[in-house]
Every structure is written in structure tokens, then in C-alpha cells.
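You will see two complexes here that share chain A, one where it goes with chain B and one where it goes with chain C.
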Partner chain A sequence: MTQVARVDRGFMTAGIGMAVVGAALFAIGLGGKDWIHSYFFGYMFWLVLTIGCLGLTLLHHTARGHWGFPVVRIFEAGGGPLAIALCGLGTIPIIMNLPALYPWADAALVAKDPILQTKSFYNNEGFWIARVALSFVILAVFAAVNQAWLKKEEQTGDDRWRQRRVNFSAIGLVFFVLIVNFLYTDLGMSQEKHWFSTIYGVWLLVMGALGALGLASAILGTQHNKSPYDKVVEPWLTKDLGNLMLAFTMLWAYFSFSQYLIIWSGNLPEFTKFFLKRSDGMWFWLANGLMITGFFIPFLLLLAPRTKRVPQIFGFVGGYILVIRAIDMFFVTVPTYRYQLSVYPADIGALLLVGGVWCAAFAFVLRTAPLVTYRTPELKEAADHA
Partner chain B sequence: MATTNGKPHEPLIEGNWTNATIDAQIGDIVLDPKRHTEAQLKRIPAFLAKSLPDQLKSPWFLMFGIGFIGVNILLVAITVLVLTGIGVWGNNQPVGWGLDIINFVWWIGIGHAGTLISAILLLLRQQWRNSINRFAEAMTIFAVMCAGMYPLLHTGRPWVAYWLFPYPNVLAMWPQFRSPLVWDVFAVSTYMTVSILFWYVGLIPDFATLRDRARSRFAQIAFGFLALGWNGSAKSWHRYTHASIMLAGLSTPLVLSVHSIVSFDFAMSIVPGWNVTIFPPYFVAGAVFAGFAMVIALAIPLRKWYRLDSFITMKHFDWMAKVMLATGLIVAYGYVMEVFYAWYSGVPLEQGLLHNRIKITEAPYSWSFWLLILFNVVIPAALWSPKIRRNLTALFWISMSISIGMWFERYVIIPVSLTRDYLPSSFGYYTPTIVDYGMFAGTIGFFLFMMFLFIRFLPTINIFEMKELLHHMQHEKDHGEGHGGDKTVPAEAH
Partner chain C sequence: MSHGRDTAPKRYGVVASFRTPEELLAAANRTREAGYRKIDGFSPIPVEGLTDVLKFDESILGWITFGHGVLGACIGVGLQWWTSNFAYSHNVGGKPLSSWPMFFPVTYECTILLAAFGATFGMIALNGLPKPHQPIFNAEAMVRASQDRFVLLVEASDPNFDETKVKAFMQTLDPESVEAVWTSEGY
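The block that comes next holds the complex of A and B.
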């Protein structure tokens, strides 16, 4: 008899474990001045993953590709209203420590810096908090509406809900990209005093999408022989999802390389500082390591047809990509404050603590609906296709 | 029949066709000269209607004639340029690059759709590409030819352009590999080579069809020579399929790399408004946007004049319009990012650039920025409407709007930044000369000339892929009910 996949149970157990270990590790660093930076790293990784899940949900509803039907529940749980609400709440420690994270929130620094003064109309505590809060509210509404309409469609079988969902997601995707871009600018980019990069928002967006695909692939790979995944994890699905991961891996490398090359070539003081910090000392080796582990290894693995055919290998590669995204986020966020590469227990603690809460919420949402559903004609089509 | 939500899928080939009738409908455009003279233009001035022989009143002759006039304008412009020097262009300090680079980027962008449709959509198993890939590929090659003329002539001494290649020589000349202009040489020449190869490989089975259908001895020999001994055996098809997939795999990164490298021409510099990190993806999206606009603008009249309605259906236009809408939104996102971060940077030079782009009352080039927004953002927004996506008149004019808008995009990037550089003492205004405009009109003419030669002598639509598609559709129709009752998978999903 086929076993039933209990993804929710697994994530709940893992979440509780991660939260406990993470809290202990994080507590070690709480006394030091760097704890908020550790927290910020952990928070950003899970935020970017959440937004990646929501982005793929919207993309799937818009494009209606078959690849999305067996994994849409995972994306809905990872990027649903609950996850977004938690991410919104996760900004509270950041809001309480704005001067420790953002130069524009440090009055003494602003008084000395004409560029920060020019931007003070936009980057000030009140407006910043209002923008971030509004972004989370809108993203949560997007997620909630989509989820509710998909549920309605499944319950009633009425095709009009499908069309509404498609139309809403297509327009929603446009606003989603803009909102997320400004959110990442506020949360991440504004940590740098003068640095700005027009590709930053989509760079993080691609990182999130890659992480979300990695998460979904890891779940499918480990649960492929359990119900209901045993009916949908077929070579066509792993091939499509594998190709998507390959495309996003290339896109990540393309964005990262283009950004670096343009800034290196321009060699202008306001731009280079970001990469100067990240190419100093051991950070240089981490940057090079990321090139190999973040691009070359997954690229070569995903190029091989076998990776996309054997569910276990496919799941392993997905998990690997997710782990690399955490290291990548460490590289993107931490060098802003830490001039030498060092990993504190609080860094791992924050990653696990925020991740523990995230996994528990993920498990909770997964429990509320079947992992794969065949109610709508399109879902049935995907199943027939399988 | 294949369905989605109970509604039948629109077929990719409409009407009742057989292999033989497909051969005749597409192949005879090449083999039967009457196909180019039978469609008469309705709106023609009375004095021309009386004086012209009937066969010259056809759309093919009209377009070929316009192209021919354009080629002559181009030849005159090039002759004046070569005999006098590039001073006959409007380029001068502070604008060392003017219409030449604008037109180069514009043409390269148009040249992107062909390979995108042929290679990327082939890898994505999108069967709707079959009806449009052949002439889109031809369009790519001719557009890249037009593009290549500009940097070649801008060197001032095109006869020594080969110095751009790194070869051992007594002059100890060596290209500057840090310059993106040198990267362009490699990127564009590789793209051109692979595009021609891909196009030619795709033509081989059709050359064989034309060889077998041709009645004149000359056509039989010519197409036989071009068909490279194709005999339709399983071995031939096997090799053909492998070659196509390999070339598609090779072309896909090329599509992305060429326009990324073109964007580096600007982004590698420190000119305000050019050192922008979003440029590579934004340029690639813009290229696809412009390329699809040109494919649509050509497909609509061709479909009508050569009665190709059954092969280029409304579904094809709907898909192409959706691709255009999506890439147009990416381009619009790029505009928003450029404007926002120029302001957000707090850097006076970047903010100055923003001022120079948008302030209607104070900035001399702001008209071009707002025209760009109108042509590339406002008008294409109509594509959100499914009705507009299937209205060929509207679609044609939206495509034209995008083509004009993409030209303005490059106009905004180049003179606006160069005329307001770091030093106020070197501020200026760029005015193209008649030779600049002549070159541009001439390349448009050259493009039309080549396109209509292609339509006359080579199959405009991929014959064998249409037959293969017909076979799939037939198979699906015959066996659909045997696949588990509710056969719901669309053909393109396979």
C-alpha cells in the first residue's frame, strides 16, 4: 500500500526543532551589537523565499503552465497570506533598530551627508515604515485573493473563478514586481549609504524564485513515492521544473555577473563600495565560491538529463539550491556591517529561528488543503498529462 | 478534440489540408510567379492605374519597388560617406555617436525575434512558432545585415575593418579587449553566422520539396543543389533533428548575449544614464519587444496577400501579442527603474539627467522621452484587451507604434546623455544630417528589398513543419478518444 506524504507533519517537526535550536544559538549573540545584523540576514532569507513563492504562484496562474499544478500548493503555503503576515511582523525588530541597520536613520550621519539629506524626504522613519507596511498588506491581499478564488473554483467547479484568478494574477504580477522592487530597495538597498543598483530588486526576486523552486523540488524528490505525489511526479514534471531551475540559475548568474561587470567597469565611488566590501579578505573567496557553487555546479547538474529524470537526484539538487541561496543571502546582506568574513552563532541562530517559525506556518497552511487537487479542469488536465 | 475547460482548442492550422495542398499553397509562392502578380492593389492613384501594366500593380512589386528605391538611397548615402568621411553625419562633440548607433541598436533589436522564435520556442516545445519562424529568421538575418553596416561604416575605413579581429600581423595591431565594441564584433558576427546556419539547415527539407515540385530544369538544379542531396530517409531526418536541436541550444544563449553586449556598449561607460545595471535584461526584453512588433507588422500583410490565413491564424497573433505585452511591461519596468533610481541616487548628475529627460519646458530632448512613453507604454497597453489582440488593423498599428517607440528609446538613451555630460562647457545639441536620415531610410529599403526577394525565391513558411503539425493534429483527432476518454492535453503541451 502506498504511503501518504505527511509534508505538513515533517515541516512542523522540523520547524519546532529549528526554532528551539535557533533560539538557543541566537540567545548567545543577543548581548552583542551585531545581533540585529544576524537577525536581518536570517529574516531576509525567509522573506525572499516567501516572495519567491508568491511570485511563482502568480506566474503559474498567469501562464497556466502544467508544471505549476502539482506544486502550486507548496507555493501557496510558502507565499500565502500567513507567511506574508509573518514576514510583516518580522520587520518589528528591524523597525525597533533602524539606526543600527540604516544610515539614513542615523541623525548624526545624515547631518554630515548631503546625499542622505537629499533623500531624507523619502528615507525617513515614518515614510519608510508606512511603505513597508503597505507593501506587506498589498502582497498579503494578492496571496489571499488568489488562494480564496482557487478554493472557490475547486468547491464550485465554476470556470468563472478560474478566469478571474488568471486575470487578477496577470495584472497582479505587474504590481507585484514593482512593489517587491521598492520593498527590497527599502529593506536591503537602503542599508548602503550611497549605493544603488537598478537591477537589485529583480536580482533578489530571481534569488527568491530559485529558492522556491528548490524547496518545491526537494519536497517532490523526497516524497515522490508517497501519495498523492506518486501520481504526479513523472519525468515530464521533473524535467519541466528542472529546466525552470536551470533557467533561473542562469538568470541569477546573468544578473549577478552583469551587475558586477557594469559596476567594476564604471569604477565610480558611489557604486564600487558595495563590491569592494564583498571582495575584501575572505569575502573574496566566498564570492568566488558562490560563482562555483551557485552557478557552475547546479548548471552542470541541471544540464544532465538524469538529474531531471531521477526524482531522488532531482530532489537533492533542489535542496542544494535552497542551501546555496542561504549562503548567497549571507553574502548579499552581512558584508555591509562585517568587514571580515566570520560566521557567528547568532547568524545560524537567526536563520533557524525565523526558519522554524516559517516552517511551522508552512506546515499549518499545507494541512488546510490537499497537497495536490484535481478538482478544476486544468488540474485534471495536468493529471491526464502525467 | 483537444479542449480546455470544455472549450475546443483553436487549431494551429485552419481548414482542411493535406500534405499535397500544403506543398502547393506554400511551395507555389516560390514556384509560380503568378502568385506575386495576382493580388492587385485596390487603392492606387488613377494616373498610375492607367500607365502601369497589371503585374506591376501587385503588392509584391510595390514593396520590392520601395525596397529598390531605398537600396539606391543607401548606396548614395554610403558613397557620399566613404568619399567625404564620417563628418557628413551629424556626429560631433559632444555626440560622437548619433543616428548610427541608434539605428545599429534598433536593427539588432529587430533581429532578435527570429532566433527567439526559432530557437527558444523550439526548446520550449511551442508548436505555434512553426508558421512564423521561417520569415522571422529571414528578418533576423536581414536586420543584422542592416545593423552591421553602421559600426562598419563608422570606423571611417571599412576596408580595414578586419583589424578588429585578433590576428597576428606586422602592424602589431591588437584589439582592445576591454572595449565592449570589440565584444560586439564577436557577438554580432557569431550571431549572424549561427542565424544563417540555423536558417539554412531549416530550409533543407523544404528545398527538397521545391526540387521535387519544380517544373523548370533550372529550379530543379538550383533547389537540388541547395537541398544537399536530401532524400527524406530516416537517417536524414535523424541528423536534421539533431542538428536543429544543437543549433537551437547554441542560439539561445546567443540571443541573450548579443543584446546584453550591445547594452554594455553604454553600460560600461561612466556617462550618466548609461552606467545602469538593469541595462542588459532591459535591452534584451526591448529587443524581443521590437522583434515581435516587426514580425507582426510583416505577417499581417503577407498573410493577406498570399492567402496564408489558414497557417497564420488569429491564435498566432494572440500569442505574439501576449509576448509583446509581456516584454513591453519589462521594458516599461526598465523605464520606471531608470527614472526612480536617477532620483533616488541623490547624485546631482543622475538627477540632472532625469531633469533633462522629463522636464518638457526646460529640457531640449524631453519631447523624445514623452513620445517614447506614448509609443512604447501607453499605446501597447491596449494589448491587455483580448479583442485588440485579435484585431489585425489595431495590432498592425500597435506594432508600428512599438517599432517607432523602440527607435525613440535609443534616441533618448544616446543624445540626451551625451549632450549633457559632466562638463557644462561641453553641453550641446545633436542634429542629424540628411546623410544620416538617408542611411536610415536606405537600410529600411534594403531590409524590404531583401525580405521581398526572400518571399519571391524561398518558402515563406516552413512547409515540412506545417505538414508535421498537420500530422499531429490528425493523430490527435483520430486517436483522441482512445487516450482515456477525456483527452484534454493541447497539442503544444507535448
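The block that comes next holds the complex of A and C.
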């Protein structure tokens, strides 16, 4: 008799533990004025992961590849309406501290900066809050519709719900990328006073997709001998997911590096600022380390067929890719306000505290439905031929 | 003129022909279970699952491609390092002579160029191409293997190969035809 995978229980325990430890660490930083920066880093990591999960859900419903069925529940729990609603609520501390994060919200700064003044028709508190709120509402609707329609198909066995999801998600994916681009621009990029990059939004989007795939792979890899995953974790599945992770790893490297290369060779003051901060002092070593740990190591690991065949190795590589995203996000967000590379306890605290809530919500949603959708004919076919 | 090589026809194997992909898949499965290892299938359409049964040896092509890729990267970096430091050292926008960010695009292109060469020519070499004579086409059954028949081959190089035994075994698989294949005179 095979054991039953209790992913929800594991994540609930981990979530509570993370929240308690995180709250204690985060409390250390609450006295200072930097806590909101720590919070923003922790929040962004989980927001990007959530949106990555939602993006892969939409991609799965559009493409209907076999690889999606065994993991779509994970993506639904990670990028479902509840997770997105929580991410929306998570903006409240940010909204309450806008001037500490966004130069355009700092009246004194705007008064002496003509560039910020010109942008103020777009970057002002009211419009910003409205845009961010609207983004979360639309994303939550996208997630809720797909989740409800998948459930309907499972209950009724009616194939038409599948086609409806395809029609909805294919168009939804286009709007998803647009909306998320605006959201990341508002939340992250507008923290830089004058700097802008057109690849910023998709850069973070790919980070999220990579994190979500890493999460799913880690779950599959560690639970591969427990029901129901023992029936679906086969070499073809880990190979497909591994190749997708490999593609996203290359895309991440391409976005990260092409952005740097264009700015570096252009050498214009308003653009180089972003990378000057990130190559100063110890940040330089973090940037270089990220090239090795974020690209070369996972790239070479995922090239090897063995990684994509042995579930344990596959799960380990997935977990590694997810963990690296935290360093990645630290590099993207924190240097904006910190001139020297230093990790505060509150940074770890915020990451764990937000993560604890996220994991608890993840576990809560995961419990409401079977881990794998069996009604979908593709999976049956895949399971038969495996 | 003699080349000192035996050019008389030699045993190549035994083929059986089937009407449906399912029959071929089932027959391949049973042939494998019977202990034959050097088996191959020929089909006008892709048969899902057949490659899993035939169990092709893991190819070293990946390593050949990887090796060529690494070689390409080294050539790309080396070329640029030499040209920008020695052959044509110019001050471009006040940047250092060895500006590695600028080296990436050419290094990358050299990597994939040589990796693609490695993959293409490596594949051709590993397949023993060009091969003007392929004995399998001496089989009657192969005439329709690219149209509407599914052919299974047990090669004579299989350690368990015995023509009469293989023929008798293949008759039990309910084939359309079974025949022995020989190489052509002169090869």
C-alpha cells in the first residue's frame, strides 16, 4: 500500500513555523525606518511566485500539454483567487508607506525634480492605488474562472468546459501579460526615480514562472512515491517539466543579461544608475554570483538527462531554482535603498512571514480538491501510455 | 580485382510484417520478452511507445554536441580576447579592452554554431551515413514499410540469433509474412 501524499499538511506546518519565526525576526526591524524595504522584498518574492503560478495555469489551459495536468492543482493553489486576494491585501503596508518606497510619492522630492513633476499625472497616489487594485481584481477573476470551470468539468464530465477554458485562457494570457507588466512597473520599477527598462515586467514574470515550476518540481520530486503522484511522476513528465524549466532558465538569463548589455554599451547616466547601485561594493559579487548560481548551475544541471529522469534529483533542482529566486529578488529590489550589501534579520523575517501566510493559504486551497485531476482525458491517456 | 574482403551475401536478420501499429508494438514487446536485444522497427507513421520497447542505446550525441559547444565558446572568447587586446586594440567609449559583456554575443553565437555542427555531423557520423547499401531494403516486406505495413527486424548480430528459431518464433506473433534478409552480393 502506497503512502498518501499530504502536501497540504506539510505546507500548513511549514507555513505556521515560517510565520512564527518570520514574525519574530521581522519584529526586530520594526523600530527602524527600513522595515518597509524588508517587507517589500519579502512581499515581492511571494507576489512574483503567485503570478508565476497563475501564468502557468493560463499557459496550461491554453496549450493543454500533458505536462500540465499533474501540476495544475499546485499552480491553482499557488496562483488562485485566494492567493491573489492575499497579495492584494499585502499591498496595504506598502500603500500606507508610499513615500518611503516611491520617490514620486515624496512631495519634497517631487518639488525639486522636474522629471518627477512631468510624470505625476500618471504616478500619483490615487491613480497608482486604483491601477494596482484593478490589476489584482482582474487577475483574481482570471484565476477564479479557470478554477471554477475545471471543477465544473470534473463534476459533470462535460468536455465543453475544457474548450471554454482554452478560449478564455488564450485571450486571457495576452491581457495577463499586459496587466502584470503594468503591475510590476507600478510596484517595482517606479521605485527608481528616473530609471526605466521595457523588459522589467517580463523579467519579473519569467522569475515567477521559474519559481512556480521549481515549486511544482520540488513537490513532485519529494512526493513521487506517494499517491497520487506515484501514478503520474514518470520520466516523460519530469523530462517535459525539466525542459520547460531549462527554457525559462535560459529566458531569465537572456532577459537579465540583454538588459544589462544594452544599458552597459549605451552608457547613458539615467540608465546606468540601476546597475551602478547593483555593482557597487559587495553587490558586485552578488551580481556575479547570481550569474553562476542562477544560470550556469541550473543550466548545466538541467541539460543532463539524468536530472530529468531521477525524481529525487529533479525535485532537488526544482527546490534549488525556487530558493535562488529569493536571492534574485533581493538583487532586484533591495539595492534601490541600500548602498552596501547587507542582509537584515527583518529581510529574512519578512520573507518568512509573508511566506508563512502564503504557504498556509496554499495548503488550505490544496486541501479542497484532489492533488491530480483525473477526469481530464489527456492525463488518462498519458497514464495509460506511461 | 579482389579487395581481400569477403563480399559474399551474409545473413542480416529476419523480418516480420504486420498490418497495424498495435500489432507491431505487441510483437516488439513479445520479441523483447523472448530475449532478443538487437531489434528494430520500421513504420510509415510514428508509433507511440515503440522507441520505449526497442530501447535504443543512449546516444553519446549529447556529449558530442556539448563538447563542440564548449569548444565554440573557447574559440569565441579567444578570438575576441586576441583581437581586442592585441590585433586591433582600440579604445571604444572608454571601456576596458577586455570588456567581457561585449564578448557574450559572439561567444554565444560561436557556441551554438559549433554545437549545431557537432549535433548535425555527429548524428550523420554515428548513423554511419552516407550508406549507399542498407541490407534491410532487400526484404520484400520493406516495399510497403513506408506505405501501409509495419515491419519488425531481429538482427543477425543479436547474441541469441538463430535463423530457424527466430523465424519460428516470429510466426507465433501472427504476422502477415516472415522472411530472412541477406546482404547483397558485393557488400
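Here is the rule we use: the second predicted complex is superposed on the first by the 382 of 386 C-alpha atoms of A that agree within 3 Å, B and C clash if a C-alpha of one lies under 4 Å from a C-alpha of the other, contacts with A are read in each partner's own complex, and residues count from 1 in each chain.
Please note the rule applied: a contact is a pair of C-beta atoms (placed from the backbone, for glycine too) under 8 Å apart; a residue touches a chain by one contact, two chains touch by 3 or more.
None of the values given here were measured: they were computed from a predicted structure.
Taken together through their common chain A, the two structures put chain B and chain C in a clash. With both structures placed on the common chain, the touch criterion links A:265 to chain B and to chain C.
Using the contact criterion defined above for the overlaid structures, shared-chain residue A:141 touches neither chain B nor chain C, since it reaches no partner. Touch criterion not met for A:24: it reaches neither chain B nor chain C.
Measured by the number of chain A residues touched, the leading partner among chain B and chain C is B. Judged by the touch definition given at the top, the superposed model places A:185 against chain B, while chain C stays out of reach.
Shared-chain residue A:305: touches chain C; no touch with chain B. Applying the stated contact rule after C-alpha superposition, one finds that A:323 touches neither chain B nor chain C. With chain A as the common frame, the single stretch of chain B that clashes into chain C is 243-251; none of the other options in 243-251, 279-287 or 423-431 do.
Touching of chain A by both chain B and chain C, each in its own complex, is seen for residues 261, 265, 267, 385.
Considering their complex, residues 257, 260-261, 264-265, 267, 303, 305, 385 of chain A touch chain C.
Of all residues in chain A, those touching chain B in their complex are 66, 114-116, 118-119, 122, 159, 162, 174, 177-178, 181, 185, 194, 196-202, 254-255, 258-259, 261-263, 265-268, 270-271, 377-378, 380-381, 384-385. Within the complex, the chain C residues that touch chain A are 48-49, 58, 62, 66, 93, 95, 101-102, 104-105. In the complex of the two chains, the chain B residues touching chain A come out as 4-6, 256, 260, 264, 267-270, 275-281, 329, 333-334, 336-338, 341, 344-347, 484, 486-489, 493.
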